[in-house]
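Labels for the chains are A, B, C and D, by order of writing; each one numbers its residues from 1.
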Amino acid sequence: MIKKGTLPAGAHFLSGDIACAEGAIAGGCRFFAGYPITPATEIAEHLSQRMPEFGGIYIQMEDEIASMAAVIGASYAGLKAMTATSGPGFSLMQENIGLAAMTETPCVIVDIMRGGPSTGQPTLPGQQDVMQAKWGSHGDYAIIALSPSSVQEMFSLTIEAFNLSETYRVPTLLMGDEIVAHMWEKVVIPPASEIRIVNRKKPKVSPSRYSPFMPDDDLVPSMACFGEGYRFHATGLTHDEHGYPRTQSSEVQSRLVRRLCEKISTNEDKIIKVEGVMLEDADVAVVAYGIVARAALSAVKKARETGIKAGLLRLITLWPFPERIVAKVAKEAKAIVVPEMNCGQMVREVERAAKTTPVAFLSKLGEDPHTPKEIFELIRRNV
Amino acid sequence: MPERIMHPPLESKKIKQPKAEIHIIKDQCKGCGFCIRYCPKKVLEESQEINARGVHPPKIVDESKCIICGFCTAVCPDFAIFVFEKPCKEECEA
Amino acid sequence: MAKKKELEPKCEEIRIGVYVCHCGLNIAGSVDCEETAKFAATLPHVVLARDNRYTCSDQGQEQIKNDIKEQKLNRIVVASCSPRLHEPTFRKACEEAGVNKYLFEMANIREQCSWVHLHDRKAATEKAKDLVKMAVAKAALLQPAEEIEVPIIRKALIIGGGVAGIQAALDLADTGYKVYLVEKEPSIGGMMARIDKTFPTMDCSICILAPKMSDVGHHPNIELLTQSEVTEVKGYIGNFHVKILKKPRYVTKDCSACGECTKVCPIIAPNEFDVGLAIRHAIYTPFAQAVPSTYTIDMNLCLNKEGIIVCDKCIKACERQAINFEMKTETVELEVGTIIVATGADVFDPSTLPQYGYGKYPNVITSLEFERLINAGGPSGGHLIRPSDMQIPKRVAFIQCVGSRSDRNGRLYCSNVCCMNTIKDSLLIKEHWPETEIYVFYVDIRAYGKGFEDLYKRARKEGVIFIRGLPAEIIEDRKTHNLWLVGENTLLKEMYKINTDMAILSIGLEPRKDSEIIQRLLTLSRTQDGFFMEAHPKLRPVDAATGGIFFAGCAEAPKDIKDSVTQASAAAARAGILMAKGKVTVEAITPISYFEKCKLCGLCTKVCPYNAITLNKELKRVEIIEAACGGCGTCAAECSFGALTQNHFTDEQIIAQIDAVTEHDADKKIVAFCCNWCAYAGADFAGVSRMQYPPNVRIIRTMCSGRVATKFVERAFARGAAAVLVAGCHPGDCHYINANYHTQKRVERLWKKMEQSGLDKNRLQLLWASAAEGERFASKILEMQAIVDKVKPEEIGKAKESFEKALEGS
Amino acid sequence: MVQEIVHPLSKYLRSAMIPHIWCSGCGNGVVLNCFVHALDELQKDLDKLVVVSGIGCIGRTAGYTNADSFHTTHGRAIPFATGVKLANPELEVVVISGDGDLFAIGGNHFIHAARRNIGIKVICANNFNYGMTGGQQGPTTPLESLTTTTPYGNIEHPFNLVHLAAASGATYVARWTTLHVRRLTQSIKRMLEKEGFCFIEVVSPCPEIFGRNNKMRTGLEMMDWFKRASVIENFSDPSKAEINSERIVVGEFVNIKRVSYEKFFHEKLAQINEKTVEW
């Protein structure tokens, strides 16, 4: 007999992908559209079984382009919607991620990063998509991207991703990697009552007075859904507050695009999440995210044993980039160390924020992620 | 039936066709001419005047010929023409 | 099809018996029958010759049978009336006595001799002898034959859905045969549906017709095809292949006849059913009781005629969604065994008679328009009102014989129904408005039928004024639109000038304008007045000359409802008989082929009107489909190698007849070749009508003038005949579709030849004469007699030389 | 007087956006007109209607209809509509877009939506070329036609859209021209009453671009072509439904019953609820 309903509170032994799927359900997701791709496939597989138990929709589309489009459609129809993919599919989704940003569609995109470029290394981890997450679609816009470094976080950050996307009407990305996705470990599921769920804010005005893209003070417009009688229009074209195309107006263009970016930047403090370990007196601060952060933590501990004042800044929110936090850490530390499973992507942001403080970078491609030893060596060399 | 018809119908004077009321929103017309060409009773023709969009909107030649089939309303791409049936007196029954 | 039995040629001695009939005094009155019989006895192969009063009587027939037994006769010749009348009788007698019926021959010494030479006993007797001699000569060469049997399809086609067609359809369907009823109009019912009351009983016409109409609509054995026309008829008795063009109704069977569509249809037109006195819409049903009740769309009027739905008012109004503008014209193909022609008649158009001012004066109407006006369901709700002011007239005039009984003003014949119809109408007026003054202007009142006279008397008693003498003209008072009728009362020998409020023209019936089409499709013939001609006016009054085809109603002649229904039942019975039999025998007059002579030129296959001959290239021979063969013999006439001849009309037999004629006094004689259906029948008709013409003509009967080979004509001249006549049906009326076109070609070829060899081509005459044109035949003979009188011996000699080749092979 | 009385269909249109951007003689307006006519005749609840369109001239239709509407990226109208329909099966979801959008860049989505039998209704205005970008060759451009990218005549074989739709499993397939406004409206009504994936192709004049390049400079000339060449052959074999200068085969080609994806899905849900128990 198949068990249904949300997982009971307490400890569970899950893989990252399954934890992510369960997180989605716990976070209120009731629509999943996707396309099989390693190493994200298990999310789809698990949801194909679990979604119906909650009356939710699972559908496998003909490709990632369609998946992303369907997610936007479902979101406009009033459901919390998500898709999950990996590099190649993530690339295909970019155009419609742009559409989601333009039409301010709450939705979650899970990208389980693998070795790129192109088909690359489907079964090995990577962190090569983090810049694409920010800049992937054409034009200026803002999104939110989170980076889980444990199976536990694959669960909790998925919920968080939905909350953020609903709060700010913005596509939110969960940038996992092959290891956190396929790794099995203990996950503690909190009681449903303790799980915080945020839903998009509904219009308070009558349909006749409703403008779908008229922002409130937080720069985020309230959102009506199809079939609620508001009869509104949305388009990927530059549009005014009524949602009507204004393709010739520079004024409307700058007003719209700036707001799309500012509704995130002005709310940074509410959005951004980091974890600091032993940073107070740290001479060397390691800045890391995802699976790499776990190696970094043991490296830092080993350094402290050997008397080196090392600390760790783990980025949970990649975008918007926690610039001020990094700057503060950099000001107090003598050096910063950044290990990444790419040729150097987030390190550029760190350098920008660190200003005068020297930043050392340790790149790792293919094979396994950085070992604690490798990161420890880097810390030692930079004391 | 083969025989030739020589007498007009007895009711011919009584027969009243419903009266049409044709409305043309001139400035919404783009002058495609569909309504004029396909009017089965040739009620419309191109006018000489030039509207806000710089085209000749249709004008009514003979409203009494209109039998309110509504094809002009249905075929107009610009929602610029429509026909109503004039609220008619009791005796107008065909 | 029954297999043809092989008959070994009878090589035993030929023993001919000749019987010369007195037919009371019909023949004996102007022909010396004894002498003729004596003469017959002298002819070769004749072992016995008798004359008796009535050969066709039972004694006469018994005599023949006994003689056959006792005298071992194996050929019989009867000289009496036309074979078209009694050949079947005598053939039967022969068969009963064991002589194959194809060994019987007849000499027509009544219709074509005694009756047409009443006052010249000597010449008539000479002619009778010649005719007997010809018959004997042919008889000697007769061969026995077996008739093949063709199965009959047990389905009937009825063309025309008037009361006649309806009655015939119901009778046949009730008998259990499948019936296809084809009607041009959207509804069956025809003329009767439009009439208010019927005479003499005064029943409500539609009330008694409607039940029959709906019976047709619901009958499991009847398939009703309305808005349909016959476009092609192929085949032969028992096996007709018919093509029918079925026009789309644009309304499906789902129609509940609620009439909502009509209410919204913006198109208005005069309703033909009411002769335009009421209006209808583009989507309509002609009248309330129409069958089928399904509405129909008149595409000539509908705004959607160009294939684009411009107006969709009816579609929207139709709850049943029964309107379908995608319907297309379809061709229905049927296989039927019998066909009944019930196409009805048209009414005379009085606007061609200016003196009555119909169409000019609003208050001059036709009797048909009157029927609609007086009809409760009609445009005026049964109120007789005059169109000019919608007032009920106080004085009404009926004018009779409008279009009838006058060659100047319409048709020569009496339309049969108008008198009684007017009497009925006058009584209807009296019934509603007793005060009305009614005048009936007539030529003769014909109240010949059951209960008619009573009705006539009643009308007189009710005060209807009958005035003998039609008005010379009607003059209208411009202001009042009243009418002055001016004419002579031929009883009182005085002029009258009568003022009325309204005049009703009692219009006659005439053949339908489309009769010609039906005639062509079914290869029928028509009488001079244009109605279809029956096979025999007395004995086969509902049969067409073409086998398997029958007539019902006014298509054959003007008649009232009772007669139409009677004739319809008769036609149904006749068709039923054929279909009950299930098979029909084809006369053994089909071609025979002598393969060894055939040069495979294929000419025969080209001239055959029935495509019954095909060329088999492998087997190097022509193949003959006897069931399809109509028996015209054109193929035999066309074959110049003698590879084809026609059973029972073989070259030898015909040549024997020619030789018999030309043996003595050829230079005084006319050799005439007449086709069985028109010319020969016409000659018979001349006899029946006792038309007198010169006695020097000798008629040789062929089934079709197409059988007349050039060599026959040439031989006649070669043997010194003074003149030759080739006579057949009018072009287009040919009983064998188009066989007589080949007749014409051949005669023209001969004329050329005669001119080239310096002969007077007038000695060869070509005549088109229908079975009704006895007159035409007689006058042709008179005309030719003049030629015969003028022709000089040297000319005869010249002809003999130039045609002597034709003598070879005898 | 005249101006005061409003067009009987105005309540179905977003007055703020009318008049529309389309050229004189363009068929898109006729398609929109027939669509709203059908809505009116069916008295459709506009609150439960979603109109989705892609990119191209006709893509503006979504904006002109006074219902919930979405103007997606190029080619993605169908998958977007799929998401909407599955998320809320109560909604009537209609995709109105062009031949290039639906069958070139969006072709894959079309055949799969038809295969799945998602209950969305698709109307394609086929104008034989890419009008908005200036008249380039497209998936329906007839052989030998001239376009800005086939200056020597088109050498690509065009799609037969009704055949494609029928073969892909659509439950209702029809083709009309913009001259067949009554039949088109009727068809749209039928389609809106049906369950499952439905498709109507509307052969539509593009006089300014396609017409100009192919000797039909006005909408009237193109409509006359439709009138001359159209033959109605209902339920004939869609594979033989050609479109060329002599012959445009129009009519209803498919009208079958087939359980829709969403219906199927909810039947499954019921079974699942029986088979499973709470933790």
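Brief remarks follow.
As a convention for this text, contacts are C-beta pairs under 8 Å (C-beta built on N, C-alpha and C of every residue); 3 or more make two chains touch, one makes a residue touch a chain.
Quick caveat: nothing in here was measured; it's all calculated off a predicted structure.
The pair of chains sharing the greatest count of C-beta contacts is A-D. Comparing each chain's Cα centroid with the centroid of every protein Cα atom identifies chain D as the most central. With centres set at the average Cα position, the gap from subunit B to subunit D is 30 Å.
Averaged Cα coordinates give subunit C a centre that lies 63 Å from the centre of subunit D. Taking the mean of the C-alpha atoms as each chain's centre, subunit A and subunit C sit 98 Å apart. Work out the mean CA point of subunit A and of subunit D, and you get 37 Å between them. Across the assembly, subunit A contributes no residue that touches 2 or more other chains. The multi-chain contact residues of subunit D, meaning those touching 2 or more other chains, are 179, 181-182.
In subunit B, the residues that reach two or more other chains under the touch definition are 38, 71. Only residues 41, 179-183, 186, 227, 230, 232, 234, 251 of subunit D touch subunit C when the two sit together in their complex.
Across the interface of their complex, subunit B is touched by residues 185, 263, 266-268, 270-273, 275-279, 281, 303, 308, 310-313, 346-347, 349, 351, 358-359, 362, 365-366, 368-369, 379-380, 385, 387, 390, 512-513 of subunit C.
Looking at the complex, you find that subunit A touches subunit D at residues 1-8, 30-31, 33, 52-53, 55, 57, 59, 61-63, 65-67, 69-79, 81, 95-96, 98-99, 103, 226-237, 242, 244-245.
Residues 2-3, 5, 7-10, 13, 18-20, 22-30, 32-34, 37, 178-179, 181-182, 185, 218-220, 223 of subunit D are the ones touching subunit B in the complex. Of all residues in subunit B, only 1-12, 15, 17, 38, 40, 67-71, 94 touch subunit C in the complex they form.
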